[in-house]
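Please see the structure below; I have some questions.
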Amino acid sequence: MTALLLRDLRLAFRSGGGFGLALAFFLIVTILVPFGVGPDTSTLRIIAPGILWVGALLACLLSLDRIFAIDREDGSLDLLATAPIPLEGVVAVKALAHWLTTGLPLTLAAPLFGVLLNLAPPGYVWLTLGLALGTPALSMIGTFGAALTVGLKRGGLLLSLLVLPLYVPTLIFGAEVAQRGTSNLDPTTPLALMAGITAGATALLPFAAAAALRVNLR
Amino acid sequence: MTALLLRDLRLAFRSGGGFGLALAFFLIVTILVPFGVGPDTSTLRIIAPGILWVGALLACLLSLDRIFAIDREDGSLDLLATAPIPLEGVVAVKALAHWLTTGLPLTLAAPLFGVLLNLAPPGYVWLTLGLALGTPALSMIGTFGAALTVGLKRGGLLLSLLVLPLYVPTLIFGAEVAQRGTSNLDPTTPLALMAGITAGATALLPFAAAAALRVNLR
Amino acid sequence: MSFWEFANPRRFMGIADRIVPWAFALAALCLVTGLTWGFFFTPDDFRQGSTVKIIYLHVPSAMMAINAWAMMLITSLVWLVRRHHVSALAAKAAAPVGMTFTVIALATGAIWGQPMWGTWWAWDPRLTSFLILFLFYLGYIALWSAIEDPDTAADLTAVLCLVGSVFAVLSRYALLFWNQGLHQGATLSLDKEENISDVFYFPLLVCIAGFVLLFIALVFYRTATEIRLRRLHAISLRERMA
Amino acid sequence: MTLTVTDLTCDRGGLALLAGVSFTLERGTALILRGPNGSGKTTLLRTLAGLQPAVEGTIEADPDSIAYAGHADGIKATLSVAENLAFWAAIYGQSDIDTAIETFDLKDLRDRPAQNLSAGQKRRLGLARLAVTGRPIWMLDEPTVSLDAESTRRFASALQAHLADGGSALIATHIDLGFDAEVLDVSRLRAAPDAASGAFDEAFT
Amino acid sequence: MTLTVTDLTCDRGGLALLAGVSFTLERGTALILRGPNGSGKTTLLRTLAGLQPAVEGTIEADPDSIAYAGHADGIKATLSVAENLAFWAAIYGQSDIDTAIETFDLKDLRDRPAQNLSAGQKRRLGLARLAVTGRPIWMLDEPTVSLDAESTRRFASALQAHLADGGSALIATHIDLGFDAEVLDVSRLRAAPDAASGAFDEAFT
Amino acid sequence: MPDLGSYAVEVMSAYAVSITLLVAVVALSFVQSRRARRALDEAEGRARDA
């Protein structure tokens, strides 16, 4: 299992598949939005928390299809499925690797990018906290979606459509946390709800994902 | 050449690679932004043109690495390079196919999605016109970037990094057109500039892209 | 001696060995003099106050950031046309230096903009194309490091350099095409060198000379490094084959 | 450690392909699957490896004793030869990769990224992967594709060493491996066109 | 239509691999490239096909007369067999795909998506692609990989028909194709370790 | 030290950032050069021994 995690991380670093890509995408979104919306700082400040969350979520969404697709193509997935480790474990490790290469860098970078969008100062800590609690759920849900669509024609499209509705609650609570944080309201309720989603997803989805994977390998 | 175009279109339809994906992604962005930013219609109205342009641009960016990568992996690119058609033509056809499966649907769908973001009524025509004139440049520039990075490690990340700066002018002028359109100012100057970018890119970049492709096939 | 003698790596190493120490020394001299002069011994501008001292960093670095790309363009073209390896390696060596100058110009400009324009950034044509130039530097360096085969890398980066030159040109001449934007205009009293009073002008000239010399020194020095690395690459390939 | 297959039916794309496959693979023996292209060798191997369910019949074997190597090698282009092997060894709870590197003559290529290997070198790496699993029953799908004569010989002797060690092997191949083994001709086992290809059809006939 | 190669040096990854390759391929003849794994057969074929530049030496041939088929077949998984062939035929300005389908026994698979083919069937499709190009000089890199005996025979006779038609072929292979042809052993042409692999190094030594 | 007035922070930080960056490229170039020299010497020694 550790070997699998290390391999996935190494591959992500070597090929720029996960790590850099998600971060770069996030950066791109935060740079492009001011170009598109215009440099008016007060507008930017209003939309900053929302845009940062949407950016983080899109960055996650994009890297999902790599989770299993590459392993499927070069035959590794077949071999992993016949290897002496439980498929649930494989799924959990894959989700963890995805979070380490996507969610974690996004969380760490978000405050920096907040500057570009002129985020209000009290927002920084809540944005970061929200992302730290919310991105694991995004990775886990995404891994489930990827397992469901691996090896399908139209996989990429379907994946986004399947995963998107599952992402919406996290997004709403996350943006709410950041929004309330910036306006000095109490953000604990949405934060608790988000933590609940993360806990639930992490506990249940590995089993669902492994089952989906088994069916897809036939 | 026509055969290549038809094949690429057919592949895009069959595998959901291009066509649906870009549109779905665009839809996702326009749906998620109100969730993230909050449903306040006046804020949405201000940022609508910018967000729509950013969404269209991201949708384009995402489908770029498929332009050559798949052909490269299964050996088709080697075979196309040795086939009796000029590589410049191949590049141009690939860009055209990308536009037909990405830029065109985006242009047609943008007014619909504008409704979701509460775009001001006079903006619709200018948004559509801007996208119609601007997306060919996005496809052509993207094809150039894809040719530059095909077969590289870190291809995806690098591709975004290389293409992004080239997209910025189109984005600025495009958003400016839509912005001026919504506020009943005269948008012809940015429109003309954007058309200029498109014309320039279409005239020059196929040669640069073919040169890059030749180098990469070594 | 023909100019193309530079293209012979051995010759180049010889020349570089002789030039580099002098260039570094002169650059250090000019920079220290110019900056000390500018920082300690020039009066404040009547409108800009002490912020005018930033000019000694901002203008030379912005100039050299653009000039560095121009130099990379020329050496890339030489590589594409005549396939002199040293030329390609010189372009590779210049990129990080040019990028550093770009960052300096961006940072000092932003710091300067806060008191002068009331904002540290604006989407005006010159600033925008300059930011794009910065992104091009990033992409250029990333592309070099992503490709394993040195000749392939040289070819592809040369193509990229060609395309990026559009933005180098724009960041210098954008004002001729659009006369909108913040960067120059009524807010500035110093925008034209003819208008600049001699008190500010002479130290500025010394600083510019310092940046130019530093660039020359670094490019020669770094190109020599690149040539060594290239030779190392060749040797290790041979070892692997033997 | 023996593999016993009784009256197996396998399908591909919902169509029964092979029917009535029965054999026993004892320790120390190899069984070679033969049959023209498209006769179902790959499908049979995937079914036995547990990658797809059997339509009918039983497969008796310790599922933790089978190592499968298909047409694709499961090799990552950006990892080096040693890294690829070390990963698969770790997955199978093994740690020794040097023997496999030795056996398949990969010493000189040890630190080369897999993407810079030639076709045959890549295949050798794929076979070495099998050796590091430490599993007794090898299931090989055309193992000698793109191998030169010398490497084929090396592979054959590695295989014989594995058999002598008490392992066993099931090999689908078109060429002659140069040693004696029982042969199972798959083309004789072709399912009749109306063979059951799932419970659904049966309910209908 | 003859291909004349004189004193060719080819490199891979900046390293001269083969040096002094010289041969003439006349109409109606075939030349077989042999050599152990990693000896540079693929590299040589790619250089001759114009996919990578030669370090030294000359290749004289009409560039519009060469059809190259590498390890990868250039086949799209979601297109059917006929669609794949029709596409490549159109690219080469041909329109007849039925002869090729006939020759390589793909009639029954005509409308099957390529992803549902077995390994050997896919390879047959790859060879049929070559036949629809209408080019006289075939460059084949291990064409018989995963083919069964019957298909190999079919391929050999298709090849002989092509030669009889005035075509020619350059084939890298490890197995015996079952017909007489000249053989070029690539392993004898290995470049010396200190061979120039580009003008740059020479300036230094 | 000259009197920088109300803009002391700006001017000082501009100088600090710029000088740091200049020193950084120079230092980086030195380090890279040293490393390349050493590696090359080693490799040439090996090549001569062989």
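Each chain carries a letter (A, B, C, D, E and F) given by its place in the written order, and its residues are counted from 1.
Going forward, contacts are C-beta pairs under 8 Å (C-beta built on N, C-alpha and C of every residue); 3 or more make two chains touch, one makes a residue touch a chain.
The model shown is predicted, which means the values in this text are computed figures rather than measured ones.
Counting steps between touching chains, the shortest path from subunit B to subunit F takes 2. With every chain reduced to the mean of its CA atoms, the largest distance from subunit E is reached by F. Centre to centre, using the average C-alpha position, subunit C and subunit E are separated by 48 Å. In terms of their C-alpha centroids, the spacing between subunit B and subunit E amounts to 37 Å. A straight line joining the Cα centres of subunit C and subunit F is 15 Å long. Averaged C-alpha coordinates put the centre of subunit D at 56 Å from the centre of subunit F.
Residue positions 14-15, 35, 38, 153 of subunit A each touch two or more of the other chains.
The set of subunit D residues touching two or more other chains comprises 71, 78. Here subunit A touches subunit C in the complex through residues 34-35, 38-39, 41, going by the rule given at the top.
Residue ranges of subunit A in contact with subunit D, taken from their complex: 2-4, 6-7, 10-11, 14-15, 73-76, 78-85, 217-218. Residues 144, 148-149, 152-155, 158, 161-162, 164-166, 168-169, 172, 205, 208, 211-212, 215-216, 218 of subunit B are the ones that touch subunit C when the two sit in their complex. Of all residues in subunit C, only 119, 121-123 touch subunit A in the complex they form. Of all the residues in subunit B, the ones that touch subunit A in their complex are 14-17, 20-21, 24-25, 28-29, 31-33, 35-38, 43, 46-47, 49-51, 53-54, 57-58, 61-62, 153-158, 160-161, 164, 167-168, 171-172, 175, 179.
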